[in-house]
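You will see chain A twice below: alongside chain B first, and alongside chain C after that.
And then the complex of A and B:
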């Protein structure tokens, strides 16, 4: 018997087949989908950056500090009062929604767990996440603004209503990640439950909670609909959180977008760039925190 | 689980502090119920005048004429559903394709930055999309302000959201199932059809429904690009139209008593519609998540 000849490598190579072709076609379709979404999203960012940057740099730093022209067809800066308004409204909403949301999540995960009331609250939190922002705006208008007038605080209330369920949801997820052994160790040392939660559980979950809250803040800062009803319209600085009409970047973009004056449209692009950068920076910090949290675990 | 531990059996001042803290936490949780209850009560109360006047005509009549106190919301209901349908038609295939690419095809070095970028795009404010829609898309692409423009903008907006949910669901496919398919000689596409898609079907449906809820509730972008036409019920995508949230945002400023009541009634209808969609979505997602957890 002669020794076997060299292996026929050609026969082992994958044969071109319609099955392989179909798979390649599917992969091509996926790449096409990536391109299809990349184009419009990048186009939006590109428009905002290219049209906004000129507006901002032409009058730097007045664009960020000057008051908004009362006559909207007049050229020139600024968005100062809107930037202050956005910070006031978003900051106010954060101060209301984050502590309450964290406390609510503490109840759900540390106390209520699977009790009927906790399940009801969890269910309603999901429901609340889906409430359209304009409905929240109308609700705050009817219950707050009609009685106390326009103010940044009304806007903060509306945004807080939108943020609350998001903060509860993300915080509960983070509390779930805290190992039970940490709690057990604290209890073994004779620590009371509330003290365990405040000094052991919360610090352990803190980066995750902060990151979840920052994402909620980034979303809230861009909201327009709830502010339309609650904060009124202003063109001058109003540092008072609780009184008088105010304005915000998102409201200014909405108002100027439909203007037929190029000057107003320019200001809208500048405001859009400012708002987008603000949201990106907050998101960026949140992601960094998440990454660190993941590393520590 | 922590409740069964002996943390809560202390006596003295510590026990009081413990109970007080528990009370505060319960109060914060109950706030969710309170706010939702108040929304339902306040809005229903304010919507009553117009519903008493119009009856079911509010939902079936096509005539919306505030000066004549005629409020038929059918065109806006139609506009909301129609633009949401266009948005889904655009967004769903793209989202699924991107999610499949990220989870099954992309090499590791490409995967991370893509996820990062999609997350970043999910926080671009809706008013910025609206601004782009009204000043770029509707002007330079000859679309005008129409159902189609609104549908496209909404579709672009909800794509990062659906993609990120779809990606998370696909990520939970057990590696063993994928490897089993590949070991039997399946191509990548066959593996996706045999392992990934059946596994994540429920979650994907839920993700799409959540996107639908988003698209229907979105106010500002729609208000800017939909064209604010009254009484339009047409399938022509290039016709200007209107949607429920857009009408509320655009007409609230000039509305008087009865008109406002009608706008609030619109908000109530929108509220109920989005809640139903979201609840179905959540139920589907949770059931499929529970099933996949039980399996792996």
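And then the complex of A and C:
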């Protein structure tokens, strides 16, 4: 082997090349994509905030507490019953869909795995994500509302049907991400499978499960169509989850925004801002709660 | 890798400057090596689906000794090790054949519980795998699973286990911190401490030092020598010097090509006292391997 010649340091200098150009192009394309996503998002937030903020601050805090005017052309607050209704309906849906969905995902990933039954359930879950929300509303209307009448619970059932496949899907993904070495570590200490799932797998997957569930909850909180069938209409507070017609922010937005009266349209913007704030607060609280499980390094 | 290579393998009388050899001389007297048998393996084999990973293994593992499994990659060492505490049970399609007795009880007998087996036969893995929990909760995990809930008892177990793993002084002020913030060597000692916290009889170690630097490795080897008085240790290692340094007995595995289906399958070539394997092996393949002529 001949001795190497002197190092060609000139070659170290960056040369204009197709490779560098491709890199710049790709970076530019990514920035463009981010901007393209951000513009409509910011536009929505902007229009809701600018049009809603006045409505809310003109009557603060009555807008959040007062009952909804029975005559919708009358100007003024508020959205109290709709806030309560949204909390009842979404909370109820969460209580139904999250435990069921997480348990279902645990079954699919930890026990069913590739069995015929598990594969069928997984397939049906995927199909369910594609079902239009109004169909879920009709389904609940036929099976529940016709028999038991309007109630927030009917709405919760409809929203739970919508949330369930999302929760199952995201939870199963998160369980899949828990490294097998963690399970092995638990098994090697003489831990049973169920105990391993409860004390090692679920805690490790918890932040992801919470994120997935929050996404499902936020999605459901904004749903209108299924609620139109299931909860009816109300303008007064109805704290009873199981009886009598109720209302929700999304329903109020729909009803007021399609009204021809300016006062009602204003209330729709206020309600939209309220819903956005509510989603923000719920997300914030949930993040804070999960952060408490995280340890200091 | 090649301290072992400097040994003239056919010379029965230890001689020469190799560090390995010096260590063999410090070993407990050969008479002390006849301790009771923990595992009696008869013609064991392990398959994954239709693929047979290792076959025809027969050996006796003795109590309070360190037994090392050495051999080239893909020769079934780890596969065999995992058969000792039924870790294959959780892998779909994995099957253990032949017979592995633990104190005379068939480990794979119909009324033997895999969780009970694993409580008595612990395992330390190749990559440190602490739980994403605090240092304290990592150690207390096993005792809690086994029903210890008293805080004072747990405190005592945690301290004792960390001391046994030579980790107590380094971590005693940060027991509530995440175990994931420790260095790799500390994490592996934590995993050893976690394993001995449930007071197993046997500790299986699957290449416990392969992800560690030489200093951390030396610490773990020192730890193994200390633990030998209370536990039986079986260690898989790629490092022949490590086997020579720490083990009492050595099993050499290699991969054979099965003529019937052209598949590679691990076999046990030779199993003997470490001193004999590294100075005077009976099988030519062992000799070739430890002298670095193959593998």
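Rule of thumb we're sticking to: the second predicted complex is superposed on the first by the 236 of 297 C-alpha atoms of A that agree within 3 Å, B and C clash if a C-alpha of one lies under 4 Å from a C-alpha of the other, contacts with A are read in each partner's own complex, and residues count from 1 in each chain.
Basically, a residue touches a chain if its C-beta (ideal position, glycine included) is under 8 Å from a C-beta of that chain, and two chains touch if they have at least 3 such contacts.
Because the structure is a prediction, the values reported are computed rather than measured.
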Chain B versus chain C as contact partner of A:30, first or second or both or neither: first
Touched partner set for A:267, first chain B, second chain C, both or neither: neither
Touching partner for A:184 - first (chain B), second (chain C), both, neither: both
Touching partner for A:19 - first (chain B), second (chain C), both, neither: first
Contacts of A:128 with chain B and chain C, given as first, second, both or neither: first
Which superposed partner A:199 touches (first chain B, second chain C, both, neither): second
Shared chain A contacts, counted only where both chain B and chain C touch the same residue: 113, 183-184, 186-187, 190-193, 195
Interface residues, chain B side, partner chain A - complex: 1-3, 5-8, 10, 14-15, 17-18, 20-22, 24-33, 35-36, 38-39, 42-43, 46, 93-98, 100-101, 105, 114, 116, 119-121, 123-132, 134-136, 152, 156, 159-160, 163, 187-190, 192, 210, 213, 216-220, 223-224, 245, 248-249, 252, 263-264, 267, 270-271, 274-275, 277-279, 282
Chain A - residues contacting chain B, complex: 19-20, 22-23, 25-27, 29-34, 36-37, 40-41, 43-45, 47-48, 100-101, 103-104, 106-108, 110-113, 117-118, 120-121, 124-136, 138-139, 142-143, 161, 164-165, 168, 180, 183-184, 186-187, 190-198, 215, 218-219, 221-225, 228-229, 250, 253-254, 257-258, 265, 268-269, 272, 275-276, 279-280, 282-284, 287
Complex contact set, residues of chain C against chain A: 85, 87, 90, 92, 115-120, 122-123, 125, 127, 129-134, 141-142, 145-146, 176-178, 180-181, 191, 194-195, 198
Residues of chain A touching chain C in the complex: 113, 179, 181-193, 195, 199-200, 203-204, 295-297
